[in-house]
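Each of the two complexes below includes subunit A, the first together with subunit B, the second together with subunit C.
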Partner chain A sequence: MLKLVVCIKQVPQVSELPWDPETWHLQRELAEGMMNPACRFALEAALKIRDKIGARITAVTMGPPSAEEALREAVALGADKGILLTDRKMAGADTYTTSLTLSKVIQKIIPDFDLILCGASTIDSDTAQVGPQLAEELDIPGVAYVHELTIAGNKARIRRVADGFSETIEMELPGLVTINTTSEAPRYMSFRGFQQAFGESDIITHDAASLGLHQEWIGARGSATKIRNVYSPIAERGNLVLTGTNKKILDQLFTLFDDRIGGVVGKDLKTEKN
Partner chain B sequence: MAKGVWIVAEQRDGALRKISYELASTARKLADVLGEDVCAVLCGSGIEGIAGQLGKYGVDKVFVADAPALEPYTTDAHAAAVAKIVKENDPSILLLGASTQGRDLSARLVGKLHTGMGTDCVDAKIVDGKLLLTRPMYAGKCFGEVAISSFPQMATLRPNVFPAVENQKAGEVVKFDPALDEGKLRTKVLEVQKDASGKVDLTEANIIVSGGRGMKGTENYAIIEELAAVLGATVGASRAAVDAGWRPQSDQVGQTGKIVSPNLYVACGISGAIQHLAGMGSSKVIVAINKDAEAPIFARADYGIVDDLFKVVPELTKACKELLA
Partner chain C sequence: MFFNPTMKHKALRKAVRMFAETEIGPVARTIDREASFPWEVIKKMGPLDFFGLQTPKTFGGAEMDSISYAIVIEEISRVSAAIGLCLAVHNSLSIHPIVRWGTEEQKRQFLPDMVRGEKIGAFCMTEAGIGSDVGGVETNATLDGNDYILNGTKIFVTNGGVCGTAIVFATTDYQNPRQGAAMFIVDRETPGFIVGEKEDLCGMRANPVSSIFLENCRVPSRNMLGAPGEGVTVGMETLNVGRISIAAQALGIAQAAFEDSLSYSKDRQQFHRYLSSFQTIRNYLADMATDIDAGRLLLYRACAAQDSRNSFREEAAMAKLFCSEMARRVTDKAVQIHGGYGYSKEYGVERYFRDAKVTEIYEGTSEVQRMIISRELLARRV
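== the complex of A and B ==
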């Protein structure tokens, strides 16, 4: 049977992320966690393949112990099993180290996978890197920003939308796709799925030691990408609300435009008819 | 020791994309601080003729791989070609565009070159001889400064943010053999459907006029289209409008759609969900038109008009038409 791996990430609900008013740091721990939206679409794409031709789906996540919630959600939605990678030593990993760690667990537990599905990007860090980097680590083909796919034999037929064009691609399996969010909402969990997920569900946990990962390879220590400083974009905009009659508003707008970005429409916009 | 500021130029259908000039100009600026050269890599088929154009934007030398297998773009072929020439030359900095193609390609290169990268950066400078990048995080709620402790120091730059500045340099064109292993090309593009509308891609647009939930229906986009036509703008949409089926997905501006940075962004009937703000927050000037004075978009706009867009937009179109006539 087809073996599918879905990589998911638990992310904070960014719209609810509060600032610490003293330090101007984000208080990530105060925001509620959720399954990253694009990951949910990746899972949905896997479930659709299973509905059509049958497949076994393993969901994998790396994160703090609380990331288990996202795995249980994946099981509730229909994944057969979940793998949680959690270890304090893995914290602070950049995208390369994350994909390296994910590649190790996949090679160890599901080495005979046919297709890996990831979300195209996450709403917190939004790098869109981990999927393609994971494909590189596993030395398999990959296609990013996928909208639709079907499996036939040992090939995937893929439709993706890029900047200003779309294309149909044939990819050899095993391979990896990153799935875009689309307008078609993914399924909700069933009551039975919910019971399964929060009962005796099949979730196994791994850490660096059980995967045989050296400390130099993982987490902040293994990461070449260092975040030095985080700051908020305070008061970057004028937030000027224009009032008056429509004519007055437009006159003000054009005057302001002229001051700010005269060249944008390639013409002097100042209205001098008043 | 790693030396040289390198870029991966992007072309489509035999024409360089705007981001290539932005990358070249940024690389020039960084290289001048370091006292190093700027080199570009350009891959495709039948593209040798356009390579020299990069010299106009500050590139000293262009390495060109010209082979049928490099057109159209596939990850396998381009990643192999770029990695080969980069490894042979050991640059200190490698820049790509944070476009659909650049994000995919850069991720593969990070793996092949075993290095770190800042993604979708909005600023890049040299501090103490090293690259220091700034990138938005958490849907643009904050910015993070990123440094890379290995070589090449990689970054993808957000399109339309960095200025393209003419600065004529040699632009010497050197061909290289990408030495592609056919057995390693595991994806094949069967068909490309081009956007026939001829409109400027949202990520490259100078001006964008966007409509959201407040548009109330497909048919009402006519007023947005009219304003866009007068301004020479590209039409965008919020996720709400796309989800409602009023506009195609390719029009969607936001974190899960296109990330845009035009000189002018006009948001009509868009409340300003955080995912939308993440997609257009780096626009140079933002004008918001919404009848709800409490809409979050106003907090991120330069100029706000609290009124009915169905009244304001046509008048704006009329006024612009008169002024630009």
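== the complex of A and C ==
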């Protein structure tokens, strides 16, 4: 049977959180967590494949112990198994060490996977890097920003939409896709699924030691990214007041902005005017 | 004593809230204004087990604990109290008595369709002459061979217009109605079961509350719930369970009114200041939040009592009494904070204000709750 792995992330439920002034990491513990929206779409894509041709779905997350909730939610929605990677040593990981850690657990626990599905990006850090980097770590083909996905034999037929164009790609399995939030809307969990996921189901927990990960490779210590400072951009907009007759104002406008206006309307305004 | 919600209860609240805000939120105001029942939303709720929240798994239900059940009703009512009411009456007043007093045959016959939401439940107790005084029931059940023939008129039947299965309170003894009181499970398709006009009510307008006419309605005697004479007990015990769902509903309405007031006070300016900077408004908000929290604690205590032991009558009555009166107070303050806009249908608080009032009336008025609580208090030896 097809083996699918869905990587999910628990993100803060609120849109604005303060940064820790020491580490410049978001103070995620201040807000309730939820499953990252794009990860819900990735799980939905996996569930659609399972509904159609059958598959075994393993959900994986790395995070604090409370990320267990997002895994149970995945199980409630239909995943067969949840794996939680949690360890203080894994905290503060950048996208590189996150992909590395995920690749190690996948190689160890589900080495014979057929397809890995990730959300295209997360709403808290929005780098969109972990999925593609994970494909590199595992040395498998990867396609990002996937909109539609069908599996036939050992190939995935993929339509991806990015940067204003769409393309259809055939990818050999095993491979990796990152799913866009433009694909089909995720389902809701049933209460029977919920009861089973939050009652009887076991979540498998791993720490750095059980995965054989040296602490120099993971978490903040293994991360190449060092955050020096984080700040909100300051919106600086000046007001420009033009005075004079209509013609004079129009002339001033053209002098100041003709390139930009011309670019938008697709005409050379200087030539038009003359 | 343990006051923190478990991971399970927190996750449940998030999941229900997401469904309610996404699927019900966009239509909540329209279905109230047009007094229309949102079948398209209800059809989505069936497969998610909203119609079998506490029903045993063997009959296809989710078999939830009582706190989980209260959370579901609360979160749905936070967005649409009329749909919360539909679920409360279906789960607590229609499915519950079948699960508790029904025979195996009755359970197998009626529960699966109800749990899937294909047949919505209704509870037909109130008549023109009886409300709180259930012993005076006038709807008659006359034995004829293996059937009972029901005659009478039920009013204010929640879900009446859309029900598929009704629990009907009647008496087999016209001379001594209380002694002969009995409950019957009646399928809507039964000849002589006639759904009347929808009531034109102040609130809960999206719920098709209707009259039900029983005209020589022939019901097999195997559809009786419990024995003849047990009708009052079945009815009272059912309403006891129902109180938890009405308290949850009132809590959800109050929560919505509070959240709207909080954000409005941070948005609206008067005298070049935000409303939230005025001490009077801050005091209102503090009182509302405290009131809601007190109600929530009383409700979850009643739920915990229901889950852990048989008797929770006093706790459930206290929760229903407090939460419904609290919802009236909170929605009143919410309208006040919104000023003229609060009195307009353009803002949600106008609907919450209308919806809250009836929680003090149905499934036992506040006066009846006080009667129940005082009776329990006085019956104690110490």
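One rule holds in what follows: the second predicted complex is superposed on the first by the 216 of 274 C-alpha atoms of A that agree within 3 Å, B and C clash if a C-alpha of one lies under 4 Å from a C-alpha of the other, contacts with A are read in each partner's own complex, and residues count from 1 in each chain.
The definition used in the following text is that a contact is a pair of C-beta atoms (placed from the backbone, for glycine too) under 8 Å apart; a residue touches a chain by one contact, two chains touch by 3 or more.
This one's a predicted model, so the numbers in the text were calculated from it and none came from an experiment.
Colleague: For A:Met34, decide between first (touching subunit B), second (touching subunit C), both and neither.
Modeller: Only subunit C is touched by A:Met34; subunit B is not.
Colleague: Contacts for A:Glu68 in the overlay, against subunit B (first) and subunit C (second): which applies, first, second, both or neither?
Modeller: The second partner, subunit C, only.
Colleague: Have a look and say if subunit B or subunit C is in touch with more residues of subunit A.
Modeller: B
Colleague: Output check: A:Gln195 vs subunit B and subunit C. Expected answer is one of first, second, both, neither. What do you get?
Modeller: So A:Gln195 only meets subunit C here.
Colleague: Just to be sure I read the superposition right, which of the two partners does A:Met1 touch: subunit B = first, subunit C = second, or both, or neither?
Modeller: neither
Colleague: Quick one: which bits of subunit C touch subunit A in the complex? Just the residue numbers, please.
Modeller: So the residues of subunit C in touch with subunit A come to 7-8, 10-12, 14-15, 18-19, 44, 47-50, 52-53, 57, 60-64, 72.
Colleague: Considering the complex alone, what residue numbers of subunit A touch subunit B?
Modeller: Residues 12, 14-15, 17, 26, 37-38, 94-96, 99, 121, 123-133, 135-137, 140-145, 157, 161-172, 175, 180-183, 223-233, 237-243, 246-247, 249-250, 253-254, 256-257, 260-261, 263-265, 267, 269, 271.
Colleague: Would you mind writing out the residues of subunit B in touch with subunit A in their complex?
Modeller: Where subunit B meets subunit A, its residues are 72, 74-76, 79, 99-101, 103-104, 106-108, 110-112, 114-120, 132, 136-150, 186-195, 201, 203, 206-207, 231-232, 242-243, 245, 249-250, 255-256, 258, 263-264, 273-275, 278, 281, 284-287, 293, 298-307, 311-312, 315-316, 319-320, 323-324.
Colleague: Where on subunit A does subunit C make contact in their complex?
Modeller: Going by the criterion above, the answer is residues 13, 32, 34, 66, 68-69, 72-73, 76, 188-192, 194-195, 198-199.
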